[in-house]
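Note that chain A is present in both complexes that follow, paired respectively with chain B and with chain C.
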Partner chain A sequence: MKLYLKYASIILKSQMQYKASFFMTALGQFLVSFTAFLGVRFMFARFNAVSGFTFAEVLLCFSIILASFALAECFVRGFDTFPGIISNGEFDRIMVRPRNEILQVLSSRIEFSRLGRLLQALGMFAYALHESNVEWTFDKILTLILMLTGGFFVFAGLFVVYAGLCFFTLEGLEFMNIFTDGAREFGKFPFSIYGESVLKFLTYVIPLALFQYYPFLYLIGKSDNTLYMFLPLLGMLFVIPCLLFWRFGVRHYKSTGS
Partner chain B sequence: MIELKNINKTFKAARRNAGLSEAVKALFKKEYTYIHALNDVSFTINDGEMVGYIGPNGAGKSSTIKIMSGILTPDSGECIINGRTPWKDRIAHVREIGVVFGQRSQLWWDVPVADSFELIKEIYKVDNATFNKNLNELTELLDIGEIMRTPARQLSLGQRMRCEIAASLLHSPRILFLDEPTIGLDAVSKIAIRSFIKTINKERKTTVILTTHDMQDIEALTERILLIGRGKILLDGTLSQLKKKNSTRKTLSVDFLGKISEVSHGMSISKMMDGHAEIVVETDIISVSEALSIISNQVEISDLSVTGTTTEELVVSLYREFEI
Partner chain C sequence: MKKYLSFFIIRLTTGLQYRAAALAGISTQFAWGGMTLLMFRAFYQYSSSAFPMTFRELSSYIWLQQAFLALYMSWYFDNDIFDSITSGSIAYELCRPVDLYTMWFAKNAAVRMSRAVLRCMPILVIAAFLPEPFNVSLPASFLSGLLFLISMIMGFLVLVAFSMLIYITALYTLSPLGIRVVATSAIEFFTGAIIPLPFFPQSIRNIVHLLPFAYIQNTPFLIYNGYISGTEMYKSILLQAVWLLLLWASGKLLMKRALKKVIVQGG
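Up next, the complex of A and B:
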């Protein structure tokens, strides 16, 4: 942890060397997700509800997924630039340092500019809380926290898989973005609106629904099943196969010529 | 102690012909070739030794270094370094080694060198006393005190390389791998780095394994050389042994007036210009003085020098001998 902070400080120092770039990127990140918010807003200006979810509910759902994604992105997105780390040989350097590879990859790229997105998510969150009629009892708050941490872990797992694939292809695979950036986009609506089969896929294969759909139902009072509240914990287990896959990848690391 | 036994490593490489249509074809059906980067490589290096690892590009030098430093996992074979297998016990292993890749930087590009060193201290968990002692010693030996506050991106190549080497010695490793440490450097920096490597090897008893294409590096630094070609260790011996084996041949370069019309058995003219000639003498057939008297009988010699084989020529002849 201490090392992570050290890394963070050195990266902050480097990024501050390019101040204008830093603030513009943060602003850009902010605006990008803001347009998504406007999209939802305008749609609800025409319709009152989507598959039985009101505007306030969708907003809450969106802000939760956005916040967990932004958190994961801010701290774990080192993996997103992983194809670059492999092809420029930086991974060789990581391998000769006596620390866990994953920790090093994570801390080598901390994106402070993504704080813009996090800020946005928080803003929307505050707005959604204000609009929604959820009564914030202890278990509701716990559900919310579980949703956020569950989301963080599932997204982190996806980033790890994305990076692990690079060991075999030496290049990033764009299709993985369906589950990361894509999930953020289509995750603004509860997954049930996409139909039964999509929901099943997102429950059993890539457990996005475990921290979004089911606990969300509980959160807004559409379900009384307290089991739903703890489903995000199950979703967190998703990182285990992801890490195993990563290990398997490291064994197959080929390095690039020098 | 470094021990490699029967190490094999194969890479799979996609192959296709040039051109767009070929590229599209390759999308659907790929042809692969298997490259045997390392083929049954075995050697032993003792503590405190300094070894030059040479061979042409693509011979397998870097692959060997990467296996020894725990980056790559070989297909088969054994490698025990200080009692550990690098790829199985990576973290404990790399704590005791330092690696310099001449072509890649380990310093953080945008921050002063001193900050990079601080972070390295943290990564290797070096305690304050050792760190300060090492830092002072290295700063002095490598003369980098003045550039410690400069961001790495603003350093010249020579300055940066000195910082790179310092960075990989901060945790007092027992083994130092240098992969082309003098590549692209000017003469002054090269000499500085060579003398530094020598000092470190002598005073700290650090084992040094050095790959290079610069034969002066080899000549200045290493007693023992390992020659690798096409993934195989072809030769393992000392530089002086090798030289002795090849030193039966001397080159006379002569400036003269007149014309050399004949040379005897054991002499051959390698270069002939107007008034200047280079003559190779096989000393096991004819002695240098005999060869000289044959020449001076024909012409008037105005200037003369005798040279043995240089390391450069030695290596070229080795490469030729092994057809690599």
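Up next, the complex of A and C:
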């Protein structure tokens, strides 16, 4: 942990050397998700609600998934750019060091500019906070924190799987994007609007709905089931098979030799 | 003209080599299109009267958009061009007896086309066999189909001409990062890649129609599904031509001015 913090502070310092570039990238991250927000805004200018969710509720949902995605992308970015590490042979260097590989990949890249997205999420959250009539009692705040951490872990798990696949294919698989970028894009609406089968898939196969849809219902008071509040914890377990898959991949690793 | 054609063909054949990438892309785009349609279905179920077009028309629009994504993608920029500007190797390019603008234009068009050629057919074929109303239907009429093809090419050229302006600004600013990010977001949103333009509020739509963005992917897809019909079709294709000419001429002019005082980065 100490080592990780040291790495983090070094990376932060190095990124701060190019301040203009840093803020430009952060601004870019902000703009990209801002257009997604405008899309939602325009849809709700035409329709008042969708599947029983109001604009403020959707924004609340959007901001939570965007925030957890931004955090995951910021700190687990090393796995996201893993194809590069494999193909330039840097993973060989990582293997020979007497430290855990996961720690090293994690700390190889921390993208602080991704916090531009977080800023956008905070903005939407502030608006939704004002508009939606959620009473912020202790359990609601706990639900929110659980949703955010659950989301962080599930996205982190997906990035790890993405990286793990590289051991076999040597390059990134575009198909994984549908679960990472796609989850961010389509997760702006509660997953139930996509219909029963999509919701089932996202509950039992890729547990995105466990930290988004079910606890969200509890958060906005559409459900009284306290169990829903703790479902994100179950979703976090997703990270375990992901890490096992990664281990499996490491054992199959053949250097590209470059 | 012949030399630009060869630049075009070289890039096109290089692009056509990446078949595995295309396969991965196709499945991703298929899932993406499906999810988009399911999202719109939820809105449609809430209030079908507030829908600006029929659901079948929307399905055709979304599948065409996925099939021809590579033609109209907002995020693609040729990094070689930006690199040649920042590293100074643009000096070599300038020594060649070719017109830089036309060469860059041909290369850009070729990369986009090679990706689209590999991807469009499988997506369209599978989408045609989906259950109604989620399938892609035939063009609204024979004439619509024909004009769709013309308009698709025109829209594609408008976009390439627009992205040329981004490359040229890099000649002035040297750091393409900022302008690139803004341009990508603007193209993506205002061409209707996030939500189709007919879903925009009317007042904003009126403004967008004064900009080139409405004449990129919006025009051909809406002609195909019959949302734009009659003389409107000819009018919008004419506007595409006007924008193409305008963007091309301003690109040429700006390039000429930039090259007069271009400072080659040494090293």
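One rule holds in what follows: the second predicted complex is superposed on the first by the 256 of 258 C-alpha atoms of A that agree within 3 Å, B and C clash if a C-alpha of one lies under 4 Å from a C-alpha of the other, contacts with A are read in each partner's own complex, and residues count from 1 in each chain.
Convention: a residue touches a chain if its C-beta (ideal position, glycine included) is under 8 Å from a C-beta of that chain, and two chains touch if they have at least 3 such contacts.
Fair warning: this is a prediction, and the values are worked out from it, not measured in the lab.
Of the two partner chains, chain C is the only one that A:Val198 touches; chain B does not reach it. Contacts of A:Asp92 after superposition on the shared chain: chain B is touched, whereas chain C is not.
After overlaying the two complexes on the shared chain, residue contacts for A:Tyr253 are found with chain B alone; chain C is out of touch. Touch criterion met: A:Phe186 reaches chain C, while chain B stays clear of it. Legend: residue contacts after superposition of the two complexes on their common chain; A:Leu217 is shown touching neither chain B nor chain C. Once the two structures are overlaid, the count of chain A residues touched is higher for C than for its counterpart among chain B and chain C. When both complexes are aligned on chain A by C-alpha atoms, no chain A residue touches chain B in the first and chain C in the second. Against chain A, in their complex, chain B makes its touches with residues 11, 58, 62, 66, 69-73, 87, 90-92, 94-95, 97, 99, 101, 103-104, 106, 108-111, 115-116, 118-119, 122-125, 151, 179.
Only residues 2-3, 6-7, 10, 13-14, 17, 88-90, 92-93, 95-100, 251-255, 257-258 of chain A touch chain B when the two sit together in their complex. Of all the residues in chain A, the ones that touch chain C in their complex are 21, 24-25, 27-28, 31-32, 34-36, 38-39, 42-43, 45-51, 173-175, 177-178, 182, 186, 189, 193-195, 198. Those residues of chain C lying in contact with chain A across their complex are 21, 24-25, 27-28, 31-32, 35, 38-39, 41-43, 45-47, 50, 52, 175, 177-178, 181-182, 184-185, 188-189, 194-195, 199-201, 204.
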